[in-house]
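Please find the structures below.
Common to both upcoming complexes is chain A, partnered first by chain B, then by chain C.
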Partner chain A sequence: MLQTTPAGDTPKPILQLVGVRKTFGGFNAVEGIDLDVREGEFLTIVGPSGSGKTTLLRMLAGMDTPTEGNITLHGELINDMPPNKRPTCLVFQSLALFPHKSVGENIAFPLKVKGVDAATRKARALELMRVVRLPENYYDKNVMKCSGGERQRVALARAFAYDPQVLFFDEPLSALDYKLKKALEKELKDLHRETGKTFIYITHSLEEAMVMSDRIGVMRAGRLVQVGTPEEIYGAPVDRFVSEFVGEVNTIKVKRGTDGTWDGVDVPGRFTVRPPQDGATLDEAFVVIRPEYMRFLGPGDTAENRIEGTVYNEYSLGSRIQYQIRVGSGAGEKVMLVELSRSRALPPGADRAVTLGWDAADAFTLGS
Partner chain B sequence: MKHTRTNALIWIWTLLVIVVIYLPILCGALASFNKSRYFGFPIKIYATEWWQKTLDSIEIGMIVKTSILVALLVTVFSVVIATCGALAFARYDWKGRRLFQKLIILPIFFPQPVLGLALLLGFNAVGIQTSWMTAVFAHMVWIVPVVTLVIAIQVYGFDPALEEAAFDLGCSRIQVLREVTLPLLWPGIWSGMLFAFLLSWSNFPLSLYTTGADSTIPEWLYAKMVAGYTPMVPALGTMATLAAAVLLLVGGLAGMLLRRRAAA
Partner chain C sequence: MASLAAASPAAHAPEGTRALRQQHMLSLGARCALPVAALLGVGFLAPLVAILAYAFATPRSFDVFTSFTLENFAGLFDPANTVWVSFVWSCGFALLTVAILAVIAYPIAYGLNAVFGRWSGLISVFFVFPLFVSENVRLYGWVLFLIKNGVLDGSLKWLGFSGGPEVLYTPGITLFGMVYTYLPFMLFPMTLGLALVPRDLVDAARDLGAGRLFIWREIELPLAMPGIMIGMLLTFVLAIGATAEAKILGGQSIIVISHDIEIAFTYSQNWPLGSAMSVVVTLFIGALTLFALSKLDLDRMLGRR
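Here is the complex of A and B:
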């Protein structure tokens, strides 16, 4: 149910997890994960800290063994296979570059371990330096004298030198400044396409996941809550946790009414609600509307749902503007968010009393 | 004005401390150049004959050999044991680690004469004849903890992910040790070696109880002070001090180069 497959082709999974659990002294870090990783895909596991994503990755890389369940690579059970025997490679959060080796020696390290001769090693290292866009004269440079971005590239080249079938990434970009991070995200995505390798990336930043991934898995409390393409995660979250994790949302609690409409519980009003995606029959539900799907209604404008409110704050988000609108009153007061492109902003001095509107098809209905 | 006076006081104090520390060593050195057999200042006639006699003495040659042998063996064994101990001490989290950390440090604070006596009684009890070999063991009881601490400091400053990364990149356990762990621990191991050698070289209380019929330099110096003083005593003492100073200087320089290579 969690798996979503694009119509027409179902490539064989390269890595398969069945009922994988990991317990540390009574604490369930990871509980019951089923996942098929497709050959050549860029899969990102995203979740808040403590959700078990690092533990999951360490099991995949062979640094921890599952308490229960099976991990197979190309159909071969690899639960207890040590990292040095696995055709996989992990890029650490700290990068773990060897401080006593030069850039070139770091990159050539896996080849040295394999017993490749020095000349071939150097040639391959230089080739990989070109792939990750490191200048050739960096070969003898002290790796600790490289900048943050350069170190990322060295770590990446070193992982490629191992020639793994699957590459794991443990939030290696988290320590970098925003601009560099954005640039490296795009580079990583390019490298993924150029090399055709399978990438499994973990991060707590959904923004990072959205930019790079073919598919995203959202983890919470040791479980994979949803796996899907970035569009599916964004457009059809399975529950409020996923919907809120993916970005800001407006949530309205509703109760089934008598005539096919639903009554607001925490916001007064009657609403037209799309039936839940999973087909469940509910008497109580949450309607989740993203701020960019809300609009201001002028006289004569129509929408399936409407709420009256007062603008009390507005923020510039660069090309967009976000409005905070107070709806309801007293104990039932609630803040709703509306996001508009700058060209459709409310004129200055416009009436602060507004009507919000949205169509049922632009919102999702969730049971939990 | 006030500032210069404070500065002057600081200088005078520093100089005083240095003089108090180094003057006795200088006096010892001067005493060894006294032509007269008996000790006394001011020295009337200077001569190098006692240095020559010291260098020519067969007895002293044997004692120096024993001291070097003991110190070298202590260095080798201590560093091996302490490296393993330091990794267990600082790297791995296991049940009883904190107790181990305390127990291993404790011998440093035992009064050494008591420790020496205890070891002598122990050797007697199990019927081991004391000799320079038992002294090696006795020195290690005190020196291994010191060296463990010195190496543990290096282990603390080292990201365990480096070893995991090497393992992940295809290294066997031995290759991880050779390619990553040892090269990164080298500066600490080197300092530990210097500590071990110099502490053993200058140790008196433990040697006194545990060398049996053999004798080390500090023991010989003491024995000759008690009975049979000649200026060979300050001569050998000065030589032993100079040897330690040279070793420390060369070792320190080499260690600095290692550190620079490892950390730069």
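Here is the complex of A and C:
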């Protein structure tokens, strides 16, 4: 049960999606998804509600069939394979634990299906309870009397008992409080490493995705907009949707000027802009700057780009402070965000009129 | 109302109000329940007490509350008396009715839930509509349908066949009548019971490799059990007291226990005997119901414990 994937090598895809579409009465829930899932990876599909991620997952788990396209597992076409024949297992958002069965019976359920004898079932269930860190005396406990975190572990152990090749998760942590969620995210990541199984996780929370995943796929309106490592998604979003999904951003629309600089469209000024990552030649573009890459410029400070503005709001984010700065005037007025660590905060009573600065290398240039 | 009027002048002095309230022996809830309690006392408890008293009165007399004898019961349990045959018919037919209804109603309830989802409970209410028509009227409707030269027989003859089957006034048609009459009482709780099975659990069981039969046995049936058990209990209790089916459709080809009781109260004018029979039947059904309810742990079945 150790991780079998050698680091650095690109492992072969275990699950492959080619042009997968799903239509519900004229509505395209999922349109044209191509995706290779590598063996043993932790892949998170993230997207706002209604983006089609749950539909995608239901097709992978076998509860829906694709309208078009192919899903293959180890090269075998599984489009129409019913869920009880698939070597995959889904951890439901509701967890779907059997309320009339004990913790042990829940975990042993897939073994009972396979006709494993009672003694072996119990031994295996207890073993899995150790894996998911459930105390042994919970074996006979009614599953509905368990806490939210414990139920989570029961659901997980039950899924492991099925011994699936791929595990699917449909936002199972969404109902938990923040602290427990954070703890379970790390545990899930540990379990992934310990078991070496392929995990496909669905969530609307990018924060959750960032913590756990090897790769993240961002979905919008039934399409996979970008697939990449958390660093790629955060550091090189392909469009404004992804950049905004990953966190708060400042966006400035610009058009190409004559002398290599760009003119602001919605904010007055001339800006130095780094060429788009994909090498496209653009006449109009969006400059996206994350609030933490913005800084206040003092009298002697320099930066490649600068904007004058007025601080009109500040929020504490714990260790950091976020400032809202109004720039431009009239119809061109815009609110920019600056995030600083507390140690570099503006002193109380400081001038509210400020100069914002950033370097071109810290911003992305996106075509759409 | 009087208490409210008395309390209102003291409304500004909470201490006084509380003292006033404490003078009344009954809480507000108990006072509100008083009319219902009175109605139940007169309409439910009093007849029961009367029946109980009559059961111990001198046979073939109306000396209620003035005589005490166990003769009525002794007569009932006398081996020479054949009233036990009626009792066996009643019990047997009630059990058969429950068994047949369970088999008939389960697929209907299952289908309702599959097609109408969470509206299935509402839809199954429509099955209760026939109850708005008197049971006797409905049963006579069947008689008209099945009788010689009736709707079925007449139509078949008109079409050139030799005529309908002669089923009327047989024990079999009595059973049919009971199944027909009590279907809503089985279907309604069963549909609600099946609606308690979350779709997710069935999906999850399937995802974990289970086939249809396994899911039915391990997930659907246990989770729907409260509704099924309530339906069975309800139909059994109703069916054991059924009398119109045996009289109207069965044409008294069999005599059920409630028919015997009725005869004792009417033709025979032997109220003490009828009362004694009623007491025995009531005790039997009551004991059976309590036993079943003690076995039927709703909280555990619903996973609340």
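The working rule: the second predicted complex is superposed on the first by the 360 of 368 C-alpha atoms of A that agree within 3 Å, B and C clash if a C-alpha of one lies under 4 Å from a C-alpha of the other, contacts with A are read in each partner's own complex, and residues count from 1 in each chain.
One rule holds for everything that comes next: a contact is a pair of C-beta atoms (placed from the backbone, for glycine too) under 8 Å apart; a residue touches a chain by one contact, two chains touch by 3 or more.
Note that the structure is a prediction, hence the values are computed from the model and not measured.
Three-chain overlay on chain A, with chain B and chain C in a clash.
Shared-chain residue A:Arg158: touches chain B and chain C both. By the touch criterion stated above, A:Ala61 is placed in contact with chain B and with chain C alike. Of the two partner chains placed by the overlay, chain B and chain C both lie in contact with A:Ala96. Of the two partner chains placed by the overlay, chain B and chain C both lie in contact with A:Pro82.
Within the superposed three-chain model, A:Pro110 lies in touch with chain B and with chain C [touch as defined at top].
Note: residues 61-63, 82-84, 86, 88-90, 92, 94, 96, 98-100, 109-110, 112-114, 142, 144-145, 158, 162 of chain A belong to the chain B contact set and to the chain C contact set alike, using the contact criterion stated above. Interface of chain B with chain A (complex): residues 159, 161-162, 164-172, 175, 179-180, 183-184, 261-264. Residue ranges of chain A in contact with chain C, taken from their complex: 61-63, 82-86, 88-90, 92, 94, 96, 98-100, 109-110, 112-114, 142-145, 158-159, 162.
Contact residues on chain A toward chain B in their complex (touch as defined above): 61-63, 82-84, 86, 88-90, 92-94, 96, 98-100, 109-110, 112-114, 142, 144-145, 158, 162.
By the touch rule above, chain C contacts chain A in their complex via residues 198, 200-201, 203-211, 214, 218-219, 222-223, 300-305.
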